[in-house]
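Please find one structure pasted underneath; my questions will follow.
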């Protein structure tokens, strides 16, 4: 369980009636509904897990929240302002507060850049966040926060393991001092034995920086460890949502029960 | 008494322009009919190379030394022609990516039938009926209707079932499964694991299941072999490994598994020095494990 | 690493040799090369009687073939480099834009490329050069423009593929502008393919130029390139094979060297390819096979 105290302040993020379809023409909604009327709120320091299998729409949800895809309707209120209706330039500025860590550590880092270049790229795109002179020190500090030694800053992605790459991706996501991290299956592409490393880093960061997480995953035992609230997604809708323990111990939805029953469990021995 | 499979002091390394890389460093293992062994290890532990070597699938620049005896016949050093005789008929293999194993331009029916026409010399109609009953055996409903469908018309889980069908169609004595469920959703994975287990008990064949996840290994195996840096560091009965893990690496694996922990604070990441990801520049295996434990 | 591939060394040496001949030696021997001596018509090769210049024989007008090859080297190389340079650069750039943005921009650019592509480039070149004066410059321009489509398509397709890769999505998520993504993220990854293509095209251009000069357009004596030499010698293959064969060999060697070198460059940059390249000699399988 996640015992980090997430106090109730006013919600950092409030999503209402988000809807995204595919297959439409000329701006009209299409037949394939990927995200179907999703609403939820997120407080600072809180970790919301979105659980679903492939095809549930969870990745589309993440991209729609960040306006990497254009939603059909709905609103995403960040600190009271609707991100979906901001003009592009303003949205670009707001992007720094909602960063994303992608699933595949082998694909999300540009193969021809060093770690230092990867981490400083956000600063080049958003000048003014960190002055040029201060960047090397910030890079070292970020690497330390994700438990990577300083000399990694000159490494290329292909010189690092999956777990190390993913931690670089996290360091990069922190470069702009975001308030919200959307983590799209952050450890699914890693060996189980390596997942612990990345999870610990993520959770420690959350505590230290009071970050809010949207943690997307299909791995239930893992979700139980990190989330305050869980929303189970199936075919674009949240079929069940609530505090972690409630959803796990007393699932009300059939699909949730199936998911729980399918997870290989190795807890509770002797 | 000839064991079904006997591996003795297997060593596999790769020579490249950049030097010599040891993948498997002295592995010995044996199994009989009906055994279900899970080979558990992280990426870079050598588990995949080990699995592939049993079918003679390690190509240049890899070099295989030592002995692998299947039902008494030596596999290391055999000619391609002899190995082809063993593949499919003696030992079948299922790979991680079902898409890789199936040719997208042929219907799955024709791909399955091909096994019977080419390897067993059956007629087309005999092969077709065998193929259909094979599809039913692996849980594909309305098999006769789906006989002419193409791979892309099936879901990931279904495709993996078809790959399993292709691997067991000739009734091999051993099935090697290399991370067959790693790319699949949790509910689909459960179905595939159930299928493999039931196929195994129906046919009594031996099973070697390669995985990085101890939880999956527990569901499918009677014995577990833990690999680290090309060597076996612990092997024993599945439940023994879970109740009384002896080797520090095995214990580390258990301590790092999310399903074992109650809170994320309980998770004990495996120290970077132990990580054997073959692509890493830092943290490739340094020391050999201090002891090899068998129970 | 360079040393462990004798093929690459040999290719690079040959190309260097050709370049030296083309730019250093050619200007010095131009006059002698074009000097016609009827009495030495079809002088047989491999004799030193008439001096070093005639070691490879003489052509139908008594000009020394070896020196002609050297002068021709300059012409062929210049044409190849410049026209490939033009088409590759333009095709690369347009392909990046077209592939990245898609939509109507892509449609229009693609249609233009199609139009260029549909008319057989040689025919178009013929028509254009017939109207214009034969000269190296015109030949370069025409060959440059007619060959844009293949680079455009390749660049566009690769751009479309790279565009879908995750780190591009990451850049967008951070807030990078399209221009930045195209120039800094995508372009460097598309470049190696264009470079490989360009080096392969060098041979094709030399041959295209030869076809044109064979038809009597594009170049006029005293400008001479290897292709022209081959076509000049065609009529005499039975009696004086060397007039056509020597330039032919030189074309093949140069084209081959360009190919090999471009493969080597690829191998050096991409570790996954390198084992194939460097161990090309050892086809033997592991001891288990």
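Here the chain labels run A, B and C in written order, and each chain numbers its own residues starting at 1.
One rule holds for everything that comes next: contacts are C-beta pairs under 8 Å (C-beta built on N, C-alpha and C of every residue); 3 or more make two chains touch, one makes a residue touch a chain.
Composition by chain, UniProt nomenclature: A, B = ABC transporter ATP-binding protein.
Bear in mind the structure is a predicted one, so any value in this text is a computation, not a measurement.
Think of each touching pair as a link: the shortest run of links from chain A to chain B has 1 of them. Of all chains, the one whose Cα centroid sits at the greatest distance from that of chain B is C.
Rounded to whole angstrom, the centroid-to-centroid distance between chain A and chain B, based on C-alpha atoms, equals 33 Å. We define each chain's centre as the mean of its Cα atoms; on that basis chain A and chain C are separated by 49 Å.
Across the assembly, chain C contributes 271 as residues in contact with two or more other chains. Among the residues of chain B, none is in touch with two or more other chains. In chain A, 158 are the positions where the chain touches two or more neighbouring chains simultaneously. Those residues of chain A whose C-beta lies close enough to touch chain C in the complex are 66, 68, 92-93, 95-96, 99-100, 102, 104, 107-112, 121-122, 125-126, 158, 169, 172, 176.
Those residues of chain B that touch chain A in the complex are listed here as 42-43, 156, 185-190, 193, 212-216, 218-219, 242-243, 252-265, 267-270, 272, 275, 277, 279-283. By the touch criterion stated above, chain A contacts chain B in their complex at residues 1-3, 53-54, 149, 152, 155, 158-164, 191-197, 199-200, 203, 218-222, 225-226, 258-259, 261-267, 269-270. Contacts from chain C toward chain A in the complex involve residues 165-167, 169-177, 180, 185, 188-189, 271.
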